[in-house]
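Shared chain: chain A. Partners: chain B in the first complex, chain C in the second.
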Partner chain A sequence: MRFYLIPLAAAAIPLVANPYTQFMVNLMLVYILVAVGFNLVLGNLGQLAFANTALFGIGAYTAAMLMAHAGWPFWLVILPAGLAGAAAGFLASVTALRGIRVYYLAIVTLAFGELLRWSYIHGERATGGTDGLAVPRADFFGIALDSETARFYVFLLIVTVLVKAVSNLLRSRIGRAIVAIRDNELATASLAIPTGRYIVLAFALSGFVVGIAGSLFAVLIGRVIPESFGLIELILHFAMVLVGGLGSLFGSVLGAVVLTALPEFFRRFPGMYEMFFGALLIVFLLAQPRGLAALAARWWPQLRDRYYRDR
Partner chain B sequence: MFALQLALSGLAQGAIYALVALSMCVVYRATTIVNFGHGDLVMAGAFVVYLLAVLAGLPFLAAATLAVVLLFILGLLIEIGLIERIKAGPHIGFALMCIAFGYLLRGIARAVWGREVLPMPSVFNFPPVFLGELVITADALVIFAAVGLLLAAFFAVFYRSSAGRVMQALCQSERGAALVGINVRAFHGVMWGVGAALGAVGGVLLAPITLLHPGLGASFLIKGFAAMTLGGFGSFGGAVLGGLILGVAEQLVGGYVSTKLIDITAYLVIILVLALRPNGLFGRAIAEKV
Partner chain C sequence: MLELKDVSVSFAGLQALSQVSLSARAGEVRALIGPNGAGKTTLFNAITGYVPIASGAIMLNGAPIQGLSPHEIAALGVRRTFQNGGLFGELTALENVLAGLHSRIDASFAGILFGTRAARDAERAAVARARELLRTLGVAHLADQPVKSMSGGQQRTIEIVRAVAAEPPLLLLDEPAVGLAPPLRAQLVELIRRLAGQMGIAVLLIEHAVDLVMAAADAVAVFNGGIKIAEGTPAAIRADPAVLEAYLGHG
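What follows is the complex of A and B.
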């Protein structure tokens, strides 16, 4: 039950927020899903992957295209966006079944992600090309999502459900198998766990969560453009997971909350953004490789990562 | 004739890919780290040469030499300052560190340059060579000569000299090499330097024939990976051949199918090769360390 105290407390935010801060809080909710989904692959599976922005993008484009071209309401496109993300995650990692691992798999996801981004730019008729696609007004079972506050409560509900689901998943047979593969794939395979299939499954689950994040992002921003899902975005995703703490669910939430607002500060200075996040990653890798979650766990031992043991 | 001309300009482009792939291979073989920031080192090489040649007014050859030396030092410093320090952590940390310094370099380049794209004035002003109807541009000639010389020197050192034997020993077994008194730590640093310097030569050759922008590194990272994958991951000769094949393939695809597809040829090569023939054209089976 303690888990639900956080969203319950968060529900009071609109009482004190102005529209701009409310928008940033909504963006934080989107990035919480992004980081939690990415962490499944990067932290729990321990597999380097570059396709996360592409999965984010495919969720956003699926939602935007279904809403703009087919006229579906927002609540109906959330699941398809997640499924499209899952399908993309599956495709990005399906070579794992043929024994492609570690660096090779990372490189495949890099190529796959760039390929998807290329198709956003060149699939003009469906995606609007570089100009992007405007997202129609969203409604959630008849409630018009035209204020930041309305979006906030819908987003909060979706994020709470999904984060709880991921938390349960990690404690299930599937989650333990995924973490076991990170720690020692050979030993895991010797327990008759089909490691290749679990790797693909982890990618698909991660794609599902990140795809749904994409659909929320599309509605929040109101326009999807290919540039939102490029390399600039990727470093933000990496930073959220790493700064929060690789493999820690709480850490990913924390990383998203802490870092979401930062890119705003660097918009006016070219290069500052990449320098800052590059340097931030270096500092954390050198000084605090287990992220803010490990730091917080010193004072609050309940938060410690139960799946990680310092070697 | 059209196909031959395309293949020729593809070879010139491919020679640069070959160099980039080879330089990534050097770091990979020597340290088992795949450098995901390598493209940005190539970009840095191109930018430093631009800075020195155009803004500081040095003659091109001097600027190029200085750029390569500077990048050697940068590679060495990255190994000593960043990679060596996280050795105790999980392997994924190395990859994240490479990504991080890659972004840092890109940010620095963007901060210095702002948002413009920089054309570098042509450096090699001698006339093109005609072979029948084929035209070999001055830039292509310089690339062929420079890459050819460099590859010959690299392979001669690696396979023939005693220093090369030390390198081979280290690539095979670090512990064994340490036992016979080879300094493994120094070797790692030097090989990072060599990798960065070789990549920088690619950047230096690239600078006069392309528009420079800080995002250059990302595309070269993928081309390098495609060449390495095609030739068999970790094989020096394979990386070179893979680069040449990729360069020619890009031009043929662009000339006969659509120029839009030039950008994604490398991605398709990676996905196809790893899906159909994971060991590449010349590679040995992927051996996993247990």
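What follows is the complex of A and C.
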């Protein structure tokens, strides 16, 4: 029950936020899913797969194309966006299963992302090419998502449900198996845990969550363009997981919130944000690879991620 | 229980094991001794599916298991520990033991996803069982510590607890006494005797410490250069000239 206190408290944000702040909060919600999904593979499974912007883009384009070309309402495209992301995640897992790991996996997945971006640019009829695709007015079971506040409540609902589901998974035999594979894959198999199946599962789940994040992003921005899913975006996703805390669900949320808000603090100092962002990445990589979550857990041990539940 | 017939393993033309026959029986501790490079760990890896065998047969309860993958063999009730330590360092002792209970937790994917009562009950029962195991084997105080912060001896103990959590009929221990202080070694002997005597587990034990082998084992098999050179009771092995030669010959 403690879990729901955070979204319940967040539900009051529209009372105090102006539309611009509300937009930033909505963007945070999208990035929470992005970081949570990415962290499943990068932090929990411990695989250097950098397909996250590819998964994000597939979700966004799936949603936008189904809405723009097929006329589907928003609520109906959320699941297909997640499934498309999961299918792409599954594809990435096959490379990992075939023994393509570490740097090779990183390169293969990076190339996959760039290949997709190329196909968005050249698949003009479906994707609108470099100009992108305008997302029609979104409709969530009859509620028009034409204000930041309306989008906020729908996003908050979706993010809460998904993060809770991921939290349930992590604190079960599934989450333990995934982390066990990261710590010692051979020993994991010796405990009758089918490691291959869990590697596929982690990748597909990651793709599902990030794919849905893509569909929310499409609706929030109102237009999907290839430029949104490039390397700069990937570095942002990576920074969220790293600064929040590799392998920590709470860290994913923290990292997404902090790094979405960060550019706002630098708006009056042009150029400073990029420098600070770079320095931040270096400092965390060298000095605090377990991120803000590990720092927080040092003062408040209850925040340590647990991989079991006794309630 | 376990029956090896003429098992050979070779790595790139190098014969690591030649025609080894060996058995393990319920309630019995059988020690595997011999100099480094004698093929003892390779034998464990062959039994548990980590290396393929070139010829021979490995039968578990009368059915061949060679060619199965490690997790499939483990699912048939074979558990092992690793010479270099096989714990999940970032996880606590409790979480490690829970991973050992993985196949015993009867919770569906959907049940876990939505946090249904049935899934939570299954998980809670497993947590209770894991805590009980840690208590019975004398390490309850370590339950909530990450294993990477523990001493070598504590880690070895947790790994054994994890290996026996799902009550395997067959347990393979690879040098469990490495780095243990003498009082802990006595405890380990007692623990191994309990696993075989009270729980009826068939134990195969790789160990270099002769005193520990003599105290813990019902039978001893001696290996040298990939060949089983002798097998018998600890007393008989101690008096065997071939064994003495193998050991003295390798300093």
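In the analysis below, the second predicted complex is superposed on the first by the 290 of 311 C-alpha atoms of A that agree within 3 Å, B and C clash if a C-alpha of one lies under 4 Å from a C-alpha of the other, contacts with A are read in each partner's own complex, and residues count from 1 in each chain.
Note that a contact is a pair of C-beta atoms (placed from the backbone, for glycine too) under 8 Å apart; a residue touches a chain by one contact, two chains touch by 3 or more.
Remember, predicted model here, so these are calculated numbers, not experimental data.
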Name the contact category of A:276: first (chain B only), second (chain C only), both, or neither. first
If you count the residues of chain A that each partner touches, which comes out higher, chain B or chain C? B
After superposition on the shared chain, which partner residues are touched by A:295: those of chain B (first), chain C (second), both, or neither? neither
On the A-aligned overlay, A:11 touches which partner chain: chain B = first, chain C = second, or both, or neither? neither
With both complexes superposed on chain A, which partner does A:186 reach: first (chain B), second (chain C), both or neither? both
Using the superposition on chain A described above, determine whether A:262 touches chain B (first), chain C (second), both, or neither. neither
In the superposed arrangement, which partner chain does A:221 touch: chain B (first), chain C (second), both, or neither? neither
Quick one: is A:111 in contact with chain B, with chain C, with both, or with neither? Answer first, second, both or neither. first
Which residues would you name on chain A as touching chain B in one complex and chain C in the other? 186
Where on chain A does chain B make contact in their complex? 42, 46-48, 95, 98-104, 106-108, 110-112, 114-115, 118, 122, 186, 231, 235, 238, 242, 246, 269-279, 281-282, 285-286, 289
Under the definition above, what is the set of chain A residues touching chain C in their complex? 164-165, 168-169, 171-174, 176-177, 179-180, 182-184, 186-195, 247, 306-311
For chain B, which residues are in contact with chain A within the complex? 34, 36, 82, 85-86, 89-93, 95-97, 99-115, 214-215, 218, 221-222, 225-226, 229, 233, 260, 263-264, 266-268, 270-271, 274-275, 278, 286, 288, 290
Over in the complex, which chain C residues touch chain A? Could you list them? 48, 50, 69-71, 74-75, 79-80, 82, 86-91, 94-95, 98-103, 105, 107, 109, 112-115, 119-120, 123-124, 126-128, 162, 166
